[in-house]
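Following are the structures in question.
Shared chain: chain A. Partners: chain B in the first complex, chain C in the second.
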Partner chain A sequence: MSTKILTVDDSKMVRMIVASTFKPYDCEIVGAADGGEGVEVAIKEQPNLIFLDITMPVLDGLQTLQKIRETPSIAHIPVVMLTAESDGQRLAAADSLNVSGYIPKPFKPEQLIELTAKIVPLTLKA
Partner chain B sequence: MRGQDPRLPMHREMGPSCHVDHSLISAWARDSVLGVFKTAFGLTAVQVSAPQPPEQSEELIFSEIRFEGSVTVCIRLCMSAGGAASLSSIALRMPSAEICDAHLDDLVGEMSNMILGAVKSRVSDLGIPCRMLIPSVTRSQAILPTAPSECGSTMLYFLFEKHCIAVEISFTHTTECSQLEARLRNESQPYS
Partner chain C sequence: MPAPEDIREKYHLSPLPANVQRLGKLLQGGFDQNATEIASIIKADESLTRRVIHIATNGRKRDTPLEIEAAVIRLGVSSITLVLMSELIINAVTRTYDTMLRAKMKPLDFQVELDGQMVGAITIAGKVQGKVFLRLPDNLASWLVDRFLGPDAVPDPKEIFGDVVGELLNMVGGNFKSNLVDAGLSCTLSVPTVGMEGKFDPQTDDDSQYTSMGFSVDGAPVFVDLQMKRITETL
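Up next, the complex of A and B:
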């Protein structure tokens, strides 16, 4: 069974870069453009891992993370925050909501692969 | 103690006596532009003193983004659609022909977010509170700006491949921030 990854980011470019990064791997990639949609997609798709942008319109990454942790059917899913800024207070808030890791933007594809492999099974396509 | 996650890159410590001014913000922005090109696209951008004259009129994409607080910084990023297509092609590993306008706008907006995000991190590392806003992207048929749009702004120009990118940086320093810096300086005085 392939690993399912959800990317929640208002930038389609970032969602596409994540999808492109995992193309060689046995992964199914789904995306959402904002936090509200991200929670809905997570409930429906039950991903193994969520990449979550911090700075987003409407519902930002921290608010989305809070919702994820409050929703029993998806509360257990590991979340990795994508962030262009390292604001200590916001990262501390994310830490308190059990974040599995951080990927600073801009990132190299290898950074995504390396961290993902530590959290969920990642195998190259046959 | 700061709450920064140790897995994120730690910026150079400036110490509480550091004075955040326009030249420091501009230097951070310059470093950030070069870092984004290197990390996101594997390219070396070169800073130049003036924009390159365009061979022909080309559509330009502008992105404006700011963070606000005790220090407010706004950057306006401008590049040609051709330049954005070249970078999109690298980032998405797709032929340029498959890149659409929405990709280009998104790329320029995300680049401005990453460039300013790194500057904001350095300001936050000094204990100065500020909040990042969302970029807005527009298009225009024009030539690259040769002068800042606001008094007190700085223009930086960079070349990559055969394209030019302009970055305008404007900076506002509130009284509150000056007081914060003074307090940090006082707290750092050794006991006698």
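Up next, the complex of A and C:
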């Protein structure tokens, strides 16, 4: 069974970079353009892992993370912050909501793969 | 609550850069510090020292080199703060281009009037207020999209050009904002707004300071502009 990854980021380009990074792997990639949509997609798709930006319209990343943790059907899903905001305040807030990783932007695709492989099964396509 | 440095270590993030600590130190001492104290903060970094002297002398060569203390007196704390902030921006821009686009940026010492340009703006609000602009010529769309996503990833690079500029600015602005917060200036960041413009007008006033930083990437000019409300209080 393939690993399903949800990218919640208002930048189409970032969603495309994540999708192309995992192309060689047995992964299904889904995306959402803001926090509100991200929660809806997470409930419907039940991904194995979520990459979450912070600076977004509608619900920002930390509000979205709070919502994910409060929603029983998706509260257990590991979340990795993928964001340009990595100051002490943001880090402490994300840490208190039990994130599985923090990748500061700018990032290299290898960082996504390396961290993902530590959290969920990641196998190359046959 | 765990200490900030412990959280950084937990998520394998680099320690706070020296230039962020320098800005924090300058702002904590602020307007009560004398020139020697401020100069000692700047002197810790040779290239920053050269830059402050260069700005204080308008880039003109002198028979007797200007001492850093004299440069500090000439510029004043507000301008020195802006120099330190622009240093953070320069680092954020070069790191973003290097990491995401595998492109080395060279500083550009002159301004170029761009006829058609994509302009991104991001607003910082809180203890410090201002805007960061990113400006790129519109003919850079294909190069930029290719570098980000690989060749032929999208049929028309111009369609996604605005999104790419917005995300580049989000990375630069997000890093800058994080540096300001870690230096003691609590603030928030807006989502970027992006649009095509002819002539660029940052609309400055007496309360604000403005500086424009030019770069050359693969022969094409890129500008980052910083407009900040003058800081008049210590932390």
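Here, the second predicted complex is superposed on the first by the 126 of 126 C-alpha atoms of A that agree within 3 Å, B and C clash if a C-alpha of one lies under 4 Å from a C-alpha of the other, contacts with A are read in each partner's own complex, and residues count from 1 in each chain.
The working rule: a residue touches a chain if its C-beta (ideal position, glycine included) is under 8 Å from a C-beta of that chain, and two chains touch if they have at least 3 such contacts.
In this text the structure is predicted, and so the values were computed from the model without any measurement.
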TODO: Identify the partner contact of A:L124: answer first if only chain B is touched, second if only chain C is, both if each is, neither if none is.
DONE: neither
- [ ] Give one of first, second, both or neither to describe whether A:M1 is in contact with chain B, with chain C, with both, or with none.
- [x] neither
TODO: Would you please give the residues of chain A that touch chain B in one complex and also touch chain C in the other complex?
DONE: 10-14, 16-17, 20, 55-57, 83-89, 91-92, 95, 101-102, 104-108
Task: Residues of chain A defined as touching chain B within the complex - done: 10-14, 16-17, 20, 55-57, 83-89, 91-92, 95, 101-102, 104-108
Open item on the list: Under the stated contact criterion, what part of chain B meets chain A in this complex?
Closed with: 2-5, 7-9, 11, 35-36, 39-40, 88, 91-93, 102-103, 106-107, 109-110, 113-114, 116-118, 120-121, 124-125, 129, 132, 134
Open item on the list: Please output the residues of chain C touching chain A within their complex, sorted ascending.
Closed with: 1-2, 4, 7-8, 10-11, 13, 95-96, 98-100, 148-150, 153, 160, 163-164, 166-167, 170-175, 177-182, 186, 189-191
Open item on the list: Help me check something: in the complex, which residues belonging to chain A touch chain C?
Closed with: 10-14, 16-17, 20, 54-57, 83-92, 95-96, 101-102, 104-108
